[in-house]
């Protein structure tokens, strides 16, 4: 399991997900899955899937079946927030301040691990389990 | 008279979608209407190619041919524009257009689609240049300000070119030549650009 | 407010049409010509601007220059503002870095000027509901609570989490604020972006930043990108990469995923995530095997390559393939490309840094470039693309748990240096901190003032960990998340718990962010609306170390306030505003940005932030068009000879008019013109071996050998002391190039062609680090069980030694580490 | 119809991957779908291969052929009328009237017929208005008219379909072909020559018209509904094919309708009156629908008998 950026969003994404011109282009949090892995997990493109991390976090996201990732690797963008473990938190935002697009944060499932010198967090390698939602 | 054209250099397009948001920014196009889009073919596979596309302002524009109310017209620069006051929102232009350029603000029941909206090459519409009505219906008229479409002007890698057809095709062919020249021979191990010049001629 | 850009009187319309056609033809020709000169700039319409203005009769439209607030490329933004409304955005063709280009984010920044979804007023949670309150009420309530916590638990129980979204002045002020509050519990996102880069790179050759520039990639003959996806993360940089590629430079992309960047690569290598070190060492194996390394460069400028050779020797192609999944052939080809196309540039991003062994990765990358002799040359270098718009500046000047502005550490000397700059009594400052002594992890006892604070990645543990396991008086009880989206941090379930345990949670942000909704708090949670950078002004530092000046585009929206104003209000409430703003003018509770810039110039000698005065930056901003788009040097005009953004180090005081350093460690130029050597940062010898450069020196250097960093003593030894003025002598006595506030030591060193920080070798062995030579260690959660025992995380005794890692790290203050396997 | 086959062929593009630049362009022209961040209908298709084919079919084949067919039909009917004249009653009217169409049948007939005419006029306006009406009305007025025409067409369509379905239910059994129809055809339905071929309640000509309505009409309705609801996200190809089927069927119907109207009005004495009042003269019934007439008579007798049953065919002699 690894994570990275999307061109439309930046950082935690609150700012860019609140910009309709950008938000329209990425409307759903997703997880990129290799077709082989998707077939093994019985998941089709566009379906909802649970991604479960080794430390107890789990998120419900859309399966994006693609060859961008190789077998045994899933990729998620880290710009989404506003959903937590399958729950939509939109009504918790102050009125009129909720970003247009909400989604699960991939860091709900990313795990412990820090660089020995700088305490950099580990966001590029972890393990997960996929399950059709 | 200059013939305005778009050209997308697929060797450079990286699907950054700047053209899309630049367009939204300039014309305040509502959510759901996208005058421009980027399509990536073979996504995630070898041969992945991204291309930005909008109304291409075709010479023999199919939209214009099929429009039941004849609302399209051509400017002297070869830009294909349409008159939203005439448009009846039948959707035929969308069926005819090879590039999927025409957009409709709503896709309702009983063919209730609203007035068609599409890329104007930043050239507005039939209303008076820079008038409020023109902006509301078609967005800004950059051409009349002496500027080119913002999507191309803001393209992150200069992949999307817009302007006088001769100029941009020249520019593009220069690029192609440059790329061919700089393709190194296999195993030569040199990255030198093999452009012909005095040095090459006399082997200095 | 209508958003019509320009209106024309009907009489002008006819004439205008004629003009327009004429100019379209014209500008078309202009493109053809410029395209010949360089196939890149597509600035066909810039000539039209003057004419366009003639055509309009609405003079009240102001054109304002700013810089995009998204990534660190630093693209120029031209905003058109009418009656205070941001009505248009034009491409900044003149801007030397982006040449008018933008990505999706940059092309939509105007939306900020409207901000429908912004946090509009200060808000407070009452019984779980958000209620609007006034600024005064917010500051008073928060301040009172903080003072109460301070009294009960000490200053370290409030955590100040800053941002890379601050401009330089705000970042600096934020760090200063924490110092006056009396805690090092302050940090920002750079920790979780490129901290391993900064640590790895700085410990190799001196400075932890991108060595060249985006534009300099034009000169590269080969480009290697590892763990980076500039096509999505830094799209505008791709135009520079493409330029090199189209001139024949192969582009190698190493990434486990076929990214948009990889789609354009000449060679794409998929590696197993987390195996960067064996991959790089595997490439070095081929380089050493085929004698492709730059032996002369290594002799002159590199220390410890022999040790690397030993490590590399065991990474035979078959073993590399076993670990990384990359075949011998692929790797050979990549190594050969890099070795035969020189200079080549090496680009990396967070795919390389965000690892438990991130510092090993970054040092391996550096070693690779050192082996090929690609450092200090145009077209070479390690081009580390950073994240947020001002993450470089914020790292240099701002909210860091382990340094003071300018990477001055936390030792007493550093504090004294800044106390002098701030013109305050060191004892008073020291008194603001907790006076007790705590275990610093090595067994020694120190005050928290001299220990690194809790890093941003671990604030959760600062709240949840047992009190006695943390080297401070009490747990963190109040968090201030200032421009920080917590969803960028791992371990959200624990973060949720941590947030709920806090006594006070304050979020200062233009948007409410995940911190407003993740937790189930019902009381003592505040949201304060901050302005974006378009609603204020100041300088920022882009990834290539260039500083740029932003002008204010619009007034703060709704009730939002700029960060420096909010900081002042807090300082006033907490009772140290007079001391903190002693030399900074404050008008209506807004501190003057220019005065803060001056203070930065006054104290930041280490990385050369002293020459970039706001006057010079503003002048450059007005003259974007005079800079060469490859070398970034101004050719003629008022900035003649200066590099764009005065990339740091811009040595000495502004009177010296140093042009900035476009390429770090480039010995082909005199230091006075942007040349440099590797920094002598790690002493002059190690185990009897000299660490200073051999037969290598920057152009026109009077010392034709390596030399240590400059100090008053060294000047005296060299007989250059008397070249200082009397006033300089007074300030420089007993000081070194970093602490001499007169700038005299730097001036004299540079006058003799020497780099103030010395001339040493880059080192491949970082002896203070857990792995002096980078080695492979499996990720904590590895998908290869068979590899875990072979390449353990720090030795055989995995779990027990893990504690030692943390003891060595900046988070050593947590002696017991939470870990659930 | 080779163009049409091309259109269908483009449905089946192959999703193979090519690395070759030329192949990519080949794929693109074939209409391969990719990825696009833009979420609109078929935004992931760069170039749709079928658009211009559809355009040519509509603008040339359909509009061209259709115009000729319409013109020829009108001409043929005119010529026929001139030659044959009106088909008159061979026997003088008896004065005794029989109910041929019940009230509900008549209502249904005119409900559907008027919608049909409305749809035909508005439909033809959208197809030909640009060529014929704009020069008369000017762009603005025509556009206003076309806008209304489009709305009328779009709303009238489903209403027409309802009528069509009801017609199908009511008249289904009357319109099943039988042996008499063969003779009827052989004698050209009595239109040419002076024979009076036998026919039941519906003669074979009416049956053909009925079945044309039940096929082409149903096609028109289905495709029309499809075109009416673009919000269901049908692919453009489906819409294009729908449009072609819709237009072709509509032309068949219009041509059929012209014939039907001709025969039902000026072509045949007494037919229009039958549909308006519902009653026809005995002589007329004998001449055109002798079997039906006999049937009714038989039923009438049965009805008068004690064991008599109610009319099988729904209509009674008064």
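List of remarks:
Chains here go by letter, A, B, C and D, matching the order in which they are written, and residues are numbered from 1 within each.
Keep this in mind: a contact is a pair of C-beta atoms (placed from the backbone, for glycine too) under 8 Å apart; a residue touches a chain by one contact, two chains touch by 3 or more.
Everything numeric here is computed off the predicted structure, so don't read it as measured data.
Contact counts per chain pair peak at A-C. Chain centres here are Cα averages; for chain C and chain D they lie 73 Å apart.
Centroids built from CA atoms put chain C at 26 Å from chain A. Per-chain Cα centroids separate chain B from chain C by 36 Å. Averaged Cα coordinates give chain A a centre that lies 55 Å from the centre of chain D.
Residues of chain D in contact with at least two other chains: 37-38.
Taken residue by residue, chain C touches two or more other chains at 103-105, 108, 111, 231-232, 235, 258, 260, whereas all remaining positions touch fewer. In chain A, 7-8, 20-22, 24-25, 67-69 are the positions where the chain touches two or more neighbouring chains simultaneously.
Taken together, the chains touch in the following pairs: A-B, A-C, A-D, B-C, B-D. Contact residues of chain A toward chain D in the complex are 8, 24-27. The touching residues of chain B, when paired with chain C in their complex, are 1-2, 11-12, 14-22, 24-26, 28, 44-45, 48-50, 76-77, 128-132, 135, 140, 143-148, 150, 152-158, 161, 163-164, 166-168, 170-171, 174-175, 178-179, 182-184, 189-193. By the touch rule above, chain C contacts chain A in their complex via residues 70-71, 103-105, 108, 111-112, 115-120, 123, 130, 189, 191-192, 195-196, 198-200, 227, 229, 231-233, 235, 256-260, 270, 273-274, 350-351, 353-359, 387-388, 455, 457-458, 484-493, 496, 509-514, 516-518, 527, 532, 769-770, 779-783, 794, 805-806, 808-811, 818-820. On the chain D side of its complex with chain A, the touching residues are 37-39.
Note for the complex: chain D touches chain B at residues 17-20, 23-24, 27-28, 32, 34-38, 40-49, 51-52, 54-55, 58-59, 126-127, 129-130, 134, 139-140, 142-143, 146-147, 150-151, 154-155, 227-231, 233, 236, 239-240, 243.
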